[in-house]
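A, B, C and D label the chains in the order they appear, each numbered from 1.
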Amino acid sequence: MPASLPATLVALLYGPDQPGLVARVSGWIFERGGNILHADQHRDMEAGVFFQRVEWVPPEGANVPAMAREFDAFGRSLGMAAQVADRARRARVALFVSKFDHCFHDLLLRWKTGDYAADFVVVISNHPDLADAARGYGVPFHYIPVTAATKAEAEARQLSLLRELAVDLVIMARYMQVLSAEFLRAAPPVINIHHSFLPAFAGGKPYHQAYERGVKLIGATAHYATAVLDDGPIIQQDVARVTHRHDVPDLVRMGRDLERLVLAQAVRVHLETRVLVYGKRTVVFD
Amino acid sequence: MPASLPATLVALLYGPDQPGLVARVSGWIFERGGNILHADQHRDMEAGVFFQRVEWVPPEGANVPAMAREFDAFGRSLGMAAQVADRARRARVALFVSKFDHCFHDLLLRWKTGDYAADFVVVISNHPDLADAARGYGVPFHYIPVTAATKAEAEARQLSLLRELAVDLVIMARYMQVLSAEFLRAAPPVINIHHSFLPAFAGGKPYHQAYERGVKLIGATAHYATAVLDDGPIIQQDVARVTHRHDVPDLVRMGRDLERLVLAQAVRVHLETRVLVYGKRTVVFD
Amino acid sequence: MPASLPATLVALLYGPDQPGLVARVSGWIFERGGNILHADQHRDMEAGVFFQRVEWVPPEGANVPAMAREFDAFGRSLGMAAQVADRARRARVALFVSKFDHCFHDLLLRWKTGDYAADFVVVISNHPDLADAARGYGVPFHYIPVTAATKAEAEARQLSLLRELAVDLVIMARYMQVLSAEFLRAAPPVINIHHSFLPAFAGGKPYHQAYERGVKLIGATAHYATAVLDDGPIIQQDVARVTHRHDVPDLVRMGRDLERLVLAQAVRVHLETRVLVYGKRTVVFD
Amino acid sequence: MPASLPATLVALLYGPDQPGLVARVSGWIFERGGNILHADQHRDMEAGVFFQRVEWVPPEGANVPAMAREFDAFGRSLGMAAQVADRARRARVALFVSKFDHCFHDLLLRWKTGDYAADFVVVISNHPDLADAARGYGVPFHYIPVTAATKAEAEARQLSLLRELAVDLVIMARYMQVLSAEFLRAAPPVINIHHSFLPAFAGGKPYHQAYERGVKLIGATAHYATAVLDDGPIIQQDVARVTHRHDVPDLVRMGRDLERLVLAQAVRVHLETRVLVYGKRTVVFD
């Protein structure tokens, strides 16, 4: 059962701070008959930047897409970058997977439970292993193998599928291929999960790296994929305590729980339009 | 070195929800030349109640106390209960202690570091043990012994001291006496720290209770003292993991760290006017 | 893929402390050609009780069941209660469920991943809803409805199934019926998950209770079911931080993650013979 | 009031794994009339290395130093490296500080409370600021200024003080100088606290680095100082959650709590002979 959707508009906006911004934004909404449900704003004092997430109920019979466009123009008139989402519109999600299935099952079970106001419209994998499981959840599965030689062609097929299905968000649920800078430029936002507390232990085999270094906590990090591997804006992180009693297979097992939770939380805040990307950082209005 | 104080006004308000509240509050401030730095609002959808914390810079040369009074009247005109604080005014704090000194030192060291925009004006104790230490921090110490027979009289002396010193906040830093309902009615707000995860293990010897029950986490709870022991609105809580390797003295030792942190955090949010008490609960705008 | 099993013996023993216990136990194993892999012992100094978990590799060609029986007799000769498990023997598990499926899927997915050295041999439910899902995991499903009038009869059918299938462990994965004292006396150990930080908020609707009380952390507790509801020996607990922004449905959603993790961890330590029940408490050798 | 000391011997030993080690060690102690209170062993299966911490009560009237020497020889006869400590002997600790005083006060207050079975025999600082505070705790204070030009000479004076006072452990409580490889070779073990979750954000200004990178958790790490900065074996780590609402001064404030706790825990396990250094990692028997 997918989540029921609130019939609200959400705007994320940011730009140079100036007096009266809260009053002007809330006034604009009020004058048009909207009622603000939540508003959260933040000032980066050093940088002089203002950030806001505001969610409102439009008046009865409002032309919601028009109101969204008008707000966007209003934001620009204030010198702000705005992003407006109609929460009654269900986001379309593509899941990229390889062989590991813990994040795959976790996200699809949460979706079935109604945690996400979204449609999971496709599973794309470089391995055929999860085909039946995907179909068991009622989601079409596409097997697109990737080798060094065929990578460009495979990415073209992936992109064409994403376009055809009007996908809004790609989730790399332990997809074991690096996406090219070209792919990332052309694709909708991509959320990835890395099994370490970034920036520590970027790259391959982070649990082995963690074990070698003898850290006392292992972590997981969900971030937006960018052209530089494991370097994108961080959305969510968490850690778990380990001791000398845990060998690498234990770290892998404990890490699965971290990865599932951290990725699921990152996906939820993204789908609820709570994440504002700002330079290399995110502001998560949670 | 005490913290420098921002020259801002903070209002906490709550009452029946109604359309346009965010716009009206921010408009009121804007029209008077104020600039909102932070505004955080929340709706309890079930109860239909609106909560807000708003902090603003008054215009140059403003009559701040007058502006605070006017905002208060404005809140009432909206049917809201308002509480307005001038952050440039330093709160006056009394510390109640007995013999345990971990919270006592912790709070006074944080104050010396500048974490609290407040003046610790007196330490009151039913034991003489911490007299020298209090004076070492430059805070007057009053020894007011309490027995069953002298309790009413002792509380009268305590209240008279609080009045004389214009105390705004009382902190029970492991003060081992129960304050009477009469005292609490007459006194400013009182924050207490209880060494358990309330509502579990209220009353005496919570670590022994926790050990007997075999819980896997111990806790600490900071709350506003009310006439019913350990039942007041909770401000902050935290827990720590324990195993069978920990006996009661270990729980006591580990608990000291929890108590210090939880009490210190509760005091900080109270002093920054971030805590709105609502029935038996608090809304902490943090 | 179920986990591969170590060919080891594990003993849990406890009883009155006496000099030389560690030496005598390890000597007994050494003399019979065994090699200790792990040994963890603990003394409750106040009670004068000794606890030990010891795991050893028996010598090549050993008669393992005989060695287990002999160790048991050896323990008794020391005045200790011993429990010996052959880790090469796969435990047989029954899952009791109702309609909530998050713990159900979680446990079965972990089992499929190989986290548990056990066979899940049956799912028993008072609702038919999860029948297909259980069969999808390859586990037989029995629908045994329960009403006040038929409870005794239903429990008799459940017990007869458990006996027939030689079940070693029952897991209540959000099974929404209270098991009778008679059932619990006759059944193998039963692990239950309660969605609060016990002893706080025992009984029904713990998230509503938590919301009403205004706690700042919600919890989950896995324990062995006993005749007194939510009062059995605690195996594992954990908590998550909540704020005023979370309403009861949010607590329910966040609680699902806690319940899954806490129950999964409790099941793992039980299946690895790491839990020694001692009065109302457990010693978890983890 | 310093902690009372248990009259026990503790041995840490490690070396190539071989059958019967637990039995041989416990047998050795038993035969000499000792009674094992705690024994904790661990095998690194991949590396084939055995680790043990064993604590025992020597027989009445035993020559404790002789028993320690004999155990050491016994360990060597097994091919193991052994380290034996007489817990009735109080360790002698030197505190290195600069201007930050939060770890300084924290450690000395814990010591006064009796958390540490040790004598804090000297405070050494490159600034005079904490002289009075140190003397207030009854600990001699030495002001040894350090400049690039005088560093070698200053370190020589520090070393000569450590020798003269027979110091067993140096704690760098936010001492803002890098100790040279020569100093570290000549000195007793040195515990340092770094205000990040190592290996992330080694070197200077870790909170600024954390803020720039936009991490969602900040950390602190206690480790043994080695010739490579922030690269020594890690003893303890912890983290705290941060959001966009926290600016760098907030991270600094929150970090102080982490630093105090993590350093205090690392010092405690070191003083209780619970830390075995093994290559670049530690085994903490906690």
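Definition applied: a contact is a pair of C-beta atoms (placed from the backbone, for glycine too) under 8 Å apart; a residue touches a chain by one contact, two chains touch by 3 or more.
Everything numeric here is computed off the predicted structure, so don't read it as measured data.
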{"item": "Proportion of interface numbers common to chain B and chain D (over half same, under half different)", "value": "same"}
{"item": "Of all other chains, the one whose Cα centre sits farthest from chain B", "value": "C"}
{"item": "Of C-D and A-C, pair with higher C-beta contact tally", "value": "C-D"}
{"item": "Chain A and chain D: spacing of chain centres that average the CA atoms, whole Å", "value": "42"}
{"item": "Whole-Å gap between the CA centroids of chain C and chain D", "value": "37"}
{"item": "Two or more partner chains touched - positions in chain D", "value": "42, 245, 286"}
{"item": "Partner chain C, residues of chain D touching it in the complex", "value": "19-24, 26-27, 29-30, 35-43"}
{"item": "In the complex with chain A, residue positions of chain C that touch it", "value": "101-102, 105, 109, 113, 115, 136, 245, 253, 256-257, 261, 286"}
{"item": "Residue ranges of chain B in contact with chain C within the complex", "value": "42, 44-46, 51, 197-201, 212-217, 219, 233-239, 243-245, 247-248, 280-284, 286"}
